[in-house]
Amino acid sequence: MNYQVTTALIIGAGSGLSASIARLFAAEGMTIALAPRQVDKLSTLSEEIGAASFICDASKPDEVNELFNQVEQKLGVPTVVVYNPSLRIPGALIELDPIEVAKSLEITAYGGFLVAQAAAKQMLKLGSGAIFFTGASASVKGYPRSAPFAMGKFALRGLAQSIARELAPQNIHVAHFVIDGVIRSATRLEPPDKPDSFLDPDAIAQTYLNILRQPRSAWTYEVELRPWVEKF
Amino acid sequence: MNYQVTTALIIGAGSGLSASIARLFAAEGMTIALAPRQVDKLSTLSEEIGAASFICDASKPDEVNELFNQVEQKLGVPTVVVYNPSLRIPGALIELDPIEVAKSLEITAYGGFLVAQAAAKQMLKLGSGAIFFTGASASVKGYPRSAPFAMGKFALRGLAQSIARELAPQNIHVAHFVIDGVIRSATRLEPPDKPDSFLDPDAIAQTYLNILRQPRSAWTYEVELRPWVEKF
Amino acid sequence: MNYQVTTALIIGAGSGLSASIARLFAAEGMTIALAPRQVDKLSTLSEEIGAASFICDASKPDEVNELFNQVEQKLGVPTVVVYNPSLRIPGALIELDPIEVAKSLEITAYGGFLVAQAAAKQMLKLGSGAIFFTGASASVKGYPRSAPFAMGKFALRGLAQSIARELAPQNIHVAHFVIDGVIRSATRLEPPDKPDSFLDPDAIAQTYLNILRQPRSAWTYEVELRPWVEKF
Amino acid sequence: MNYQVTTALIIGAGSGLSASIARLFAAEGMTIALAPRQVDKLSTLSEEIGAASFICDASKPDEVNELFNQVEQKLGVPTVVVYNPSLRIPGALIELDPIEVAKSLEITAYGGFLVAQAAAKQMLKLGSGAIFFTGASASVKGYPRSAPFAMGKFALRGLAQSIARELAPQNIHVAHFVIDGVIRSATRLEPPDKPDSFLDPDAIAQTYLNILRQPRSAWTYEVELRPWVEKF
């Protein structure tokens, strides 16, 4: 990148992917701000990497604005913001609870808008920045019995594409990551006879870092990542 | 199609496209139900084609359920439902009003979910039906300064794709129409030196009818329509 | 369409789809020219619908030019040309015969270019026309153990997209049909317990006709067709 | 990656991008084999990085097989092969020379097949490897007055997608790079008032290296790269 990344703000920091990104970015010398929905999920990680923690429901405009204000005051304008939250509500169309579906859209997509807007406001003043969105296979293919996740992830991709076109010429790097497969975690390990069939979150994080480091003459807007044996 | 279409329910019936679809479907002998947000938009059309009119804010679960109950009681289960509503909020990302953006998503995408769910509940009992969604160029390309519309139309396409995969094997034909260009209306005519450069809503309606008539051995899930001189 | 279609030229006329298109277009009053690779495949059909038959290897520039010359002399400029030929060479990448792969590309894609060029030369003089390409699921998804077909069908779609953008503003309607599934034929019928699970070629032909009839204010460039129970 | 890359074979090594990839991969300790169509283009580069040079017309089966035999004998099985050649024939559809179009397809797409096949034969014996294809914006969008390039680059993407699905589960990493924009060179520099508006080939090469290094639990099949100010 053509700017110094000093502060990384990771939204939806309760997942293993968020933890891997946080650790890797911290190891690169960045100051890390974590913003999970519930702070207790992250106390160990925060201590480990010396991160600042904030509680934020990213689907609430006021909470998002308050988060960015606090981060700016304590750590300065975040130079990269990663949006990870999503809420998957599986089920047959006719059995879905409309209230749950609305919540799924709010967390998966609308929160992405709120965070992107707050980030852009600060970054445009600074003259640079990066906004990364974590997508899924559902971002590009609507699977049956999974309408809410398809809606949310498609919407998030529409947001990313629109603001990539809008903000890139203003020196803000917007990227969308299509994560296709199961992410490995302590409680979700691939079968021993199928090595590397789940995505290693550290490997995903490395690609986030590589794309963050791209000079602006060759920016990636979209990249996909999947295990070698994943069907697609 | 392999069933008799007797009742067509058109949601978001305030637009010129809705009127063209209603007229054409009526001329084919279907009973028409119109469900605009405000009923006064349609009194003339309703009289003209003998349609039943209902008021419905399609982004409200209760109003959608009430609408489908009333249509079923008065006209029988609708055998084709067309979802047209959308709310476009243009503007630079940082200038958008979050409340307006939420409203845009509700009308453009969430209402599509509510209508599809209510339609599917009735159609699955009947064993057949068709659910059509009106998309836009924004359904497949996120334009700058138009993030909310990109989000809403991408989400609607994700919904359509997901439920096409889910419902087609249950004999319900789901189709998504990518309308790319300006639709001609009385108040929005193309320049005289650029004939046919806006989409004729009657021509669009004809394609809706053609796809409705497809036998299930060769169903279209997605089709695009644009004027001959439209850039894409 | 905004012109009278009088002559339809169908390339690769040995398939069941070609026969269905020929019959339907003839029933609509069009004069039909059939151009299979080997004429004996079609003698019965030609008689049945009073079609003119030509032999043409569409992957040979000279033969294609000669074909269009003859059609123009005998029947006038074809107002719609349909390109159906393809050659599928399945197999693992490392087992494919490079000569066969080259032939597959020539028939599936290069012939499409030759035909489109010859058609455009005549149609641009006339000021109107339509060029239709038959694609497959392989046009948009590269399946394993099917590299040559993916190459050929992707290439044909690239051609169609390029010349749709180039020729549409010159009043020539270019359309690409994504046929996703098995086409039913006398020797290839779906299982009795899976009705309509293969594409009826007459149903496909009807969609070709419907798109041919579109006025230019609302032209389809791409449409997909698949059986109701087809996975996608 | 989960294997040691020792030898990189770069096909179509006459371009600035090839030179950048060669230099970067050499700096990482790899042995480099360059295979341009004409060897004199590369004598300086070969000396500079200690690369082995081969002459190869990649659209000829015999020359491709001979190339891979020689590389294997002299340097061992190449663990990464990069396919860069393309031939762009711009022009209106009706003005194109069919012989030139055929040549364009051979160099842009058919050569990619030949190289991939030869590479796969060697890599499958070894049990690992990487095959990278350089695409363009024309890989995903068919531009007017550029039918041959659209055909060739679409076909190359179809190939890449097919064999990615086929070979990835056999531990061969296939990736397709969508390069969208003008690549900077000594003779083609961006305007001084539009800094970084052309792609820096060294920056592109860095992304090739990053993707080569991915562990197989998180492989990229497709990635796009474009300058910050490029329209898309």
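In order of appearance the chains are A, B, C and D, and numbering begins at 1 in each one.
What we mean here is this: a residue touches a chain if its C-beta (ideal position, glycine included) is under 8 Å from a C-beta of that chain, and two chains touch if they have at least 3 such contacts.
Computed from a predicted model, the values in this text were never measured in an experiment.
**Q** Specify, for the interface formed by the sequence copies subunit C and subunit D, whether it is same or different in terms of residue numbers shared by both sides, with half as the dividing line.
**A** The interface of subunit C with subunit D is built from mostly shared positions.
**Q** Among all other chains, pick the one whose mean CA position is farthest from the mean CA position of subunit B.
**A** Of all the other chains, the one whose centre lies farthest from subunit B is D.
**Q** With chain centres taken as the means of their Cα atoms, state the distance from subunit A to subunit C in Å.
**A** Roughly 44 Å, centre to centre.
**Q** Express in whole angstrom the distance between the two chain centres, defined as the mean CA positions of subunit A and subunit B.
**A** Once rounded, the distance between the two centres reads 32 Å.
**Q** Which subunit A residues sit where two or more other chains touch them?
**A** Residues 165 of subunit A touch two or more partner chains.
**Q** Think of each chain as a node with edges to the chains it touches; is that a line, ring, star, complete or other?
**A** Topology of touching chains reads as a ring, each chain with two neighbours.
**Q** So which chains actually touch one another? I want all the pairs, not just one.
**A** Final set of chain pairs in contact is A-B, A-D, B-C, C-D.
**Q** Using the touch definition from the top, list the residues of subunit B that touch subunit C in their complex.
**A** 2, 165, 168-169, 171, 173, 184, 196-200, 203-204, 206-207, 210, 214-229, 231-232
**Q** Okay, in this complex, where on subunit C does subunit D touch?
**A** Going by the criterion above, the answer is residues 61, 92-94, 96, 98-99, 101-102, 105, 109-110, 113-114, 116-117, 120-121, 124, 138, 141-148, 150-167.
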